[in-house]
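Sharing a structure here in structure tokens format.
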């Protein structure tokens, strides 16, 4: 039972990271109708910046803050220089163009930081575990991830639902032409949205860095999961991304933990581990297929004009 | 000395892709006037409005608004100079509440000089359309057709435009609601709002508007005052199908 | 995707035939050149181009002409390759068994994926095809017996007894070239047939085609299966070429490479995928020799092509615009 709760928390924590990544993706896809394969690159850059800045300042928190700012700036620059020229084009042109950016960023990181990858270590208070339930110790840092991401989610909620900028973002998702016709500088709005997405992605990257990795190409694997989240949640919906991210995080963790166990009961050891690994990774795709069958537009499709 | 017209469109030519829609349309609106664009469907009325707004830019000709050449400006700049659009089909933002629809794009486009006060605020718009006050918290996509139309008008008014453009603002509405809209336009006109209106209801327009332009196949084929239009049944018949 | 009016190049009879002929001429002479200058690597490089061109061609059949953007096409490379690899490991070395299995397995997978995915459109179709490819990718990683994540070396290429010795570099090269040309011819025939016209018609207006009475779903599925089978064969060739198979063959970025090749070359042209594959891989090769960081140039180049060139290289050399 305790094991189950621990895995449940892991699933939530993974879901929170996925949410950060998917939120930016769904905003950009929903409002600017842009497929951005380089979103994972921003995630990677956030992690690399954080590792570097944390080493310079000898402070994890300071490094994290600087990294988010850096990711924001990179996002803005990227939008102005490259991304905005792809608006309105065929999705395949987006794929071609952002794929080029993906290659470019991987190579750039290799040039600046070398091929080996970096580490980002946590300050000592976060290295321990706390007792969340009698008999269950859970790493402090993972709890921090959950808490901080929930705070970010709350911030996003307030931003989108309660501010004028949020109203414009939502209006832009359903009818960007009309928003422009009413006097709003859509170009600037787009830059801001893209930069926000970049900051979120970079933040996700740096948050997972102490647990997982800081290496070239780290964005590629999680990007697919993020796209799955966006698809399940409904393109353009932050709320959908939140719910879907939790579902996907839980499905993936549950899959990885329990599917191999299940298989071990029925198959030989060797077959079970191999197949188990394979099948458990499939969980999120099965989930997506299931959702799309029942709700072809995702869980919370943004009402489009 | 005559003031320059608020809006002066001269010989604009506009195409959608490869097909030309406007073949040299000219019109002008003086400050305080209410002018109408008449014509059957597909003759180029909406395209003219879109060209003025910069949504479908005109390839040739000139468009002067408040002394500035605006033909090549992006839509948001045109709007900021003081044009408020109530588009065909209303196009309210379905995923915002009625209240949010009004305030999201609210502004003061009356003109930077003399720091003119806003005439249109949430309160004055609610005074004009009490229904919108009642439905303030509802999502725009559940409002009735008439309420959505009032919302679209209110939304444009909230930008405090110098020129209000309405494209088929009474289309598809019940007669009672239509009358309400006409009544509202009458009040706006009386208050001095410059208005360009596209509509099919010639009778209502001759009562309220000052001048009219009849558009046929991308050209202006007739222009005149309300009195002149009322006395020209052959024009009405030939170009407006009445 | 593009629903507007389009002009499709469905034949080899167009002004760019000169360029196409030149490309074929160059390809035919590669082994001769390699022998002359004593650089066998040239054959290896162009062999890879040919195989991937075949994969990109199969993708373009459904993507460029059928409007079905599949982000999971590399899966068939993997299935075809693994068919060869697994059979080789289990002692079945004959190409006469391996290759048909590769094609059949790919066709079967395409049938399943297509049947489930073709009910969706647009970005959802892309996501579902991607998901299936990822599933196969993870299954491959889980196959410990066949190398798992590390992959599997194939010690002996497919055997065709006395007929063909695939270990002969030049022979293998010409075999691949012949198969590529056969594939191009096959695609050409398909597109010019009634079947092909229905597919292209369904791309621009599916509803109308159905209204006329064509069961477009069935047609699209057949097209999808053919594309999968063709790519499976390319996978078998690839496994032979590299004497190695690994899950990396099916990573989604490989599917991305194929899409890039097809779009880069020009999706409306029969030779588009070949030209795209050549451009992409040769550029990659050339840049790798020029600098230690080739993608710093290749990446932005792809971006520039995406932004400024509507219709890929094909458009640059005089092809029709992509609507």
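As written, the chain order gives the labels A, B and C, with residue 1 at the start of each chain.
One rule holds for everything that comes next: a contact is a pair of C-beta atoms (placed from the backbone, for glycine too) under 8 Å apart; a residue touches a chain by one contact, two chains touch by 3 or more.
Keep in mind the model is a prediction, meaning the values are calculated, not measured.
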Centrality ranking, top chain (CA atoms only): A
Two chains joined by the most C-beta pairs in contact, as defined above: A-C
Most distant chain from chain C by Cα centroid: B
Centre-to-centre distance between chain C and chain A (centres being mean Cα positions), rounded to whole Å: 31
Inter-centroid spacing, chain B versus chain A (mean Cα positions, whole Å): 44
Gap in Å, rounded to a whole number, between the CA centres of chain C and chain B: 54
Shared interface positions of chain B, touching two or more other chains: none
Complex interface listing, chain A residues touching chain C: 29, 35, 37, 82, 85-86, 89-108, 110-111, 220, 224, 227-228, 231, 235, 270, 273-279, 281-282, 285, 288-289, 292, 296
Residue numbers on chain C that touch chain A, as the complex places them: 1-2, 63, 69, 116, 120, 123-124, 126-128, 130-132, 134-135, 138-145, 148, 251-253, 256, 259-260, 263-264, 267, 293-296, 298-303, 305-307, 322
Touching residues on chain A, where the partner in the complex is chain B: 164, 167-168, 170-171, 173-175, 177-186, 302-303, 305
Residue numbers on chain B that touch chain A, as the complex places them: 53, 55, 74-76, 79-80, 84-85, 87, 91, 93-96, 100-101, 103-105, 107, 109, 141, 155-156, 159
